[in-house]
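Two complexes follow with chain A in common, the first pairing it with chain B and the second with chain C.
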Partner chain A sequence: MRDERSLFINIVALLILSVIGFYIYKVSMDTGKGIKITDNITPQMRVADRFMNKNVIKEESKYVWGGTAENTSANIVTSVVVDYRLFDTTLEVIVLFVTILGFGFVIPKDKRKIIKPTTILNRWAPILMILMLMIGGYMFVNGHLSPGGGFPAGAIISTAVLIGVLAGRKTLSQKTLKIIEAVAGISIFSLGIASFVITGNFFQNFILNDRIGDLFSAGLIPIFYGLIAFKVAAELSNIYFEFYEEC
Partner chain B sequence: MNSIVFLIVIPLIAAFLSLFLGKNDKILAYIVTLFNIIFSILILFSGKIPFNVAIGGWRAPYGINYAVTDLTIFFLVLVNVAALLALTSVREIMEYQFYSFYFVLLSSTNGIVLTGDLFNFFLFIELSTFAVAGLISYKRDRLSTGAALKYLILSSTASIFSLAAIGLIYKTLGTLNFADIANKVNNLNEASLSLILILYISSLLVELKIFPFNMWVVKAYEASKTSVNLFIHGMLGTAGIYGVLRILLMVFSKETGKLTLSGNLSSILMLFAFVTVIIGEIGALTEKNMKKILAFSSMAQLGIVLFGISLGSFDALKGVLYIVISNYLAKFVMFLTVNEFSKVSGSTNYLDMKGLGRRYPVLAISFTISALSLMGIPFFAGFWGKISIIGNAVFSGKLELIGAVLILIASVIEGVYYLRISHTFFSQGHEREGRISRVYCLLPMILALVILFIGINPDSFENIISILLDEIKSPEKYIKLILSLK
Partner chain C sequence: MVNRVYYLGLIIAFIMAFGSLWALLTDDLFKAIVVFGIVSLSSSVMFLLMQAPDVAITEAAIGSGITTALFIFTYKKLEDRKDER
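So, the complex of A and B:
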């Protein structure tokens, strides 16, 4: 009975979300700034058009875009974080990994009574989780086009897990998180080695010649951001589990 | 030679793999460490040194770069060999976290030595901090958790300072590259350079175990396993000395060919070194626990190293490199010996180890050789270091003269407590159950023979040191190499 009701509520929530999504799509098409994922008809506007034309210095000044690897990403900050200083960014992720690994050692282990979550939280948790996952996914998919990126996206995705933990729902096991973490970490460095094999330099962007501002552009940057997002999400979720189970 | 980044990337991949391998982690650790040693030795003999590697294909001042010079490769080999030597003392089965921390520490110490970028350097220091804190707390008892927290609080406070210094450098000079900073450092005014140096040095002094930042040392050594002690001593300590040499002498040096710390920073560092030496020696004199004695003693040795660096002459720097290598070898011998003896006697108190030297003379003689080397007795490696530092300090000034006298007094105190221990080893004791395998006696013996070899035949080592000093004397070569100036 309980499971059926929660299933029903989930379906209703999905319906509401799809209606919202449809209206967002309709409004964006009507105003002319359409969301084009495929490129069969050359679209008038790119996804990041507004962002590319935006400037803070003068009204009429504009970035000049070349075709080199340096400015494949429409968001300059992303270029710095995931291209010039990619190695630093990956090391930051490792810092997170190490701190969370050592976390279990330092925190004392006492058992505490866990308070049962309220019905409202329990019922609404899946809906909130879907919203969080959507926003987080949007953040890292669009990391090379607009402000955002892997780290905040990972944090947002991990809040979905946090809500699940608070609502007493079993979402992910710690072993799954460990696997996600390791696979994402290893593939970041394997991509680095791949670029060493292809171009001769570690962590060099080797997918070039795409249109700036498209969803599928900027070569390796979205891939790296996705991996970073998953890794950060897995690591932060690990902390929540650690607190929840060991408090 | 872009493949140099493998030294950092392979251990990091291994850190993730070790989450799943269970008991095979130990084999993985040996494979990765051997890979690092062989790779760095191959680079040493490749004949391409010095060279500069740009990561991501971005040229030096814009992207991150790794520079391999003579100084780098010397410390790189030291760090990786230390990793292998320390790994031999891991006998029991460890959990996967231990190996993960070890791999991260290995990669970060390699990175500290290799990197040519200030922010990258900071990140590696940060990584090594967390890895070491995890390793210290591995035993999960009250003592080790407290020691780890102490170390974490101290080093993260220090890293805030160094991050502030990095921000100031980026604001004033607009660059983070070592060579570029060294190129532009003359544009800085005296006040900002002093501020940056004070903030930055504070974080380096934590790794170097110098007085106001060394409360973590003794507890951390006492609370952790012998292998972890050796990681801290051999890998982190050695990499920290490299950082001080590179950053103080080559990046922030205003005149070439001379160590010029702005204002009276040099005398402040000297005072810190004095207090460190005094605390270290007196602490070791009153202590009965062997691990604590060794911790205090390594503090004192690093105080002498800092004194030598702050003297600001190249003869003293030669002495510093001798002391670094003698302390590096001697502490390995001592920790390995103490590890074996404490297993047989069941405690780390040296009074309980009575008579073990008669049953295992190889270990006890190796211990005595390294103790004599640390004291600075002639024909042992430490002698050549102490004599060039003291000989340089005596005629330099008042403060330096005090330092020279202090080092001599410290040698006497070291003699008292180390020879007391050696005497206890060789005095008559009672029979014991446990046995030490002869294989474990082999490694301390070889290291002690190396100490003797360097002490008797210093010319062999002098050649290496003169190459290193040539590099420190002319930072403009480093700048030209990295910025590819003509």
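So, the complex of A and C:
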């Protein structure tokens, strides 16, 4: 019985891997030159090209991408949100933190039996968790190229933990979550102070010399988004574990 | 093309209005929670039709995923209290 189950899981994993491999093959055939992670010479299929060529005024007019703070990233909304208005997101994150502090006091602790989940949920939970983690990681890595960002990425990553909680698998300990949250919060504010020392403004981008539209560009924006994503994911997962402890 | 988006938006707005009324007026709490999740999912489609993909992603993750899960956790806790009495 156990061998049949592991065989089934292996078949499903092979199917998912083959789908991913097919898409990688397709992308490498489209560019014609295989996969190059850091290709600085002939970019043909970049995610950001659709954003950079988008035009709402006229077909023939071209926007000039320069080195100022507004257009360091291909997605201008992101550079405005992160460079100018990161205070919004950090204060939202602090509000979430205070909410979770309140959870521990308000919810009464009483023990209850955990209902065992069905076999389907228990077996499919790791596969779904891997998919969720992939989507969440894509969100904050590509936050400066396409729609997305730190906050929804953190929410999607925390839904992976939620699936683990629903399937009765305890994936993380609460101490790990608290360490992740503390490290992310401290590094957000220390980066802010560093940018205040270097450029004179809080949360301003001080790494600008990159080619716009690449994956490794836009300076501090992906770093800030990654930190925010980890902090939000840790905070939201804390809520689930707070419920899970006694229900 | 514009017409098609317009009619899709009309259908989704109708679903949202109907679902929110249903969630208000129903007596069953569980039904209200599920219908509330459907309303926020359709509102995320509405944001996508209004060319705001960032907000649509956030609404789909938080509004229809996490909020519904937290409400269902709370509902389970309330039901347990009811059994104890």
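By definition in this document, the second predicted complex is superposed on the first by the 204 of 247 C-alpha atoms of A that agree within 3 Å, B and C clash if a C-alpha of one lies under 4 Å from a C-alpha of the other, contacts with A are read in each partner's own complex, and residues count from 1 in each chain.
Here is the rule we use: a contact is a pair of C-beta atoms (placed from the backbone, for glycine too) under 8 Å apart; a residue touches a chain by one contact, two chains touch by 3 or more.
The model shown is predicted, which means the values in this text are computed figures rather than measured ones.
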item	value
Which superposed partner A:241 touches (first chain B, second chain C, both, neither)	neither
Touched partner set for A:204, first chain B, second chain C, both or neither	first
Partner chain in contact with A:124 - chain B first, chain C second, else both or neither	neither
Partner chain(s) touched by A:91 [first = chain B, second = chain C, both, neither]	first
First, second, both or neither for A:216, with chain B first and chain C second	neither
Partner chain(s) touched by A:138 [first = chain B, second = chain C, both, neither]	neither
Which of chain B and chain C A:192 touches, first, second, both or neither	first
In the superposition, chain B vs chain C on chain A residues touched	B
Which superposed partner A:83 touches (first chain B, second chain C, both, neither)	first
Which of chain B and chain C A:99 touches, first, second, both or neither	first
Contacting residues of chain A [partner chain C, same complex]	77, 112, 139, 147-149, 151-152, 155-156, 158-159, 162, 236, 239-240, 243, 247
Chain C residues touching chain A - in the complex, by the definition given at the top	53-54, 57-58, 61-62, 65-66, 69-70, 73, 76-77, 80
Chain B-touching residues of chain A, taken from the complex the two chains share	69, 83-88, 91-92, 94-95, 97-99, 101-102, 104-106, 108, 178, 181-182, 185-186, 189-190, 192-193, 196, 199-205
Of all residues in chain B, those that touch chain A in their complex	2-3, 5, 9, 12-13, 15-17, 19-20, 54-58, 62-64, 97, 100-101, 104, 111, 119-120, 123-124, 126-127, 130-131, 133-134, 137-138, 140, 145, 148-149, 152
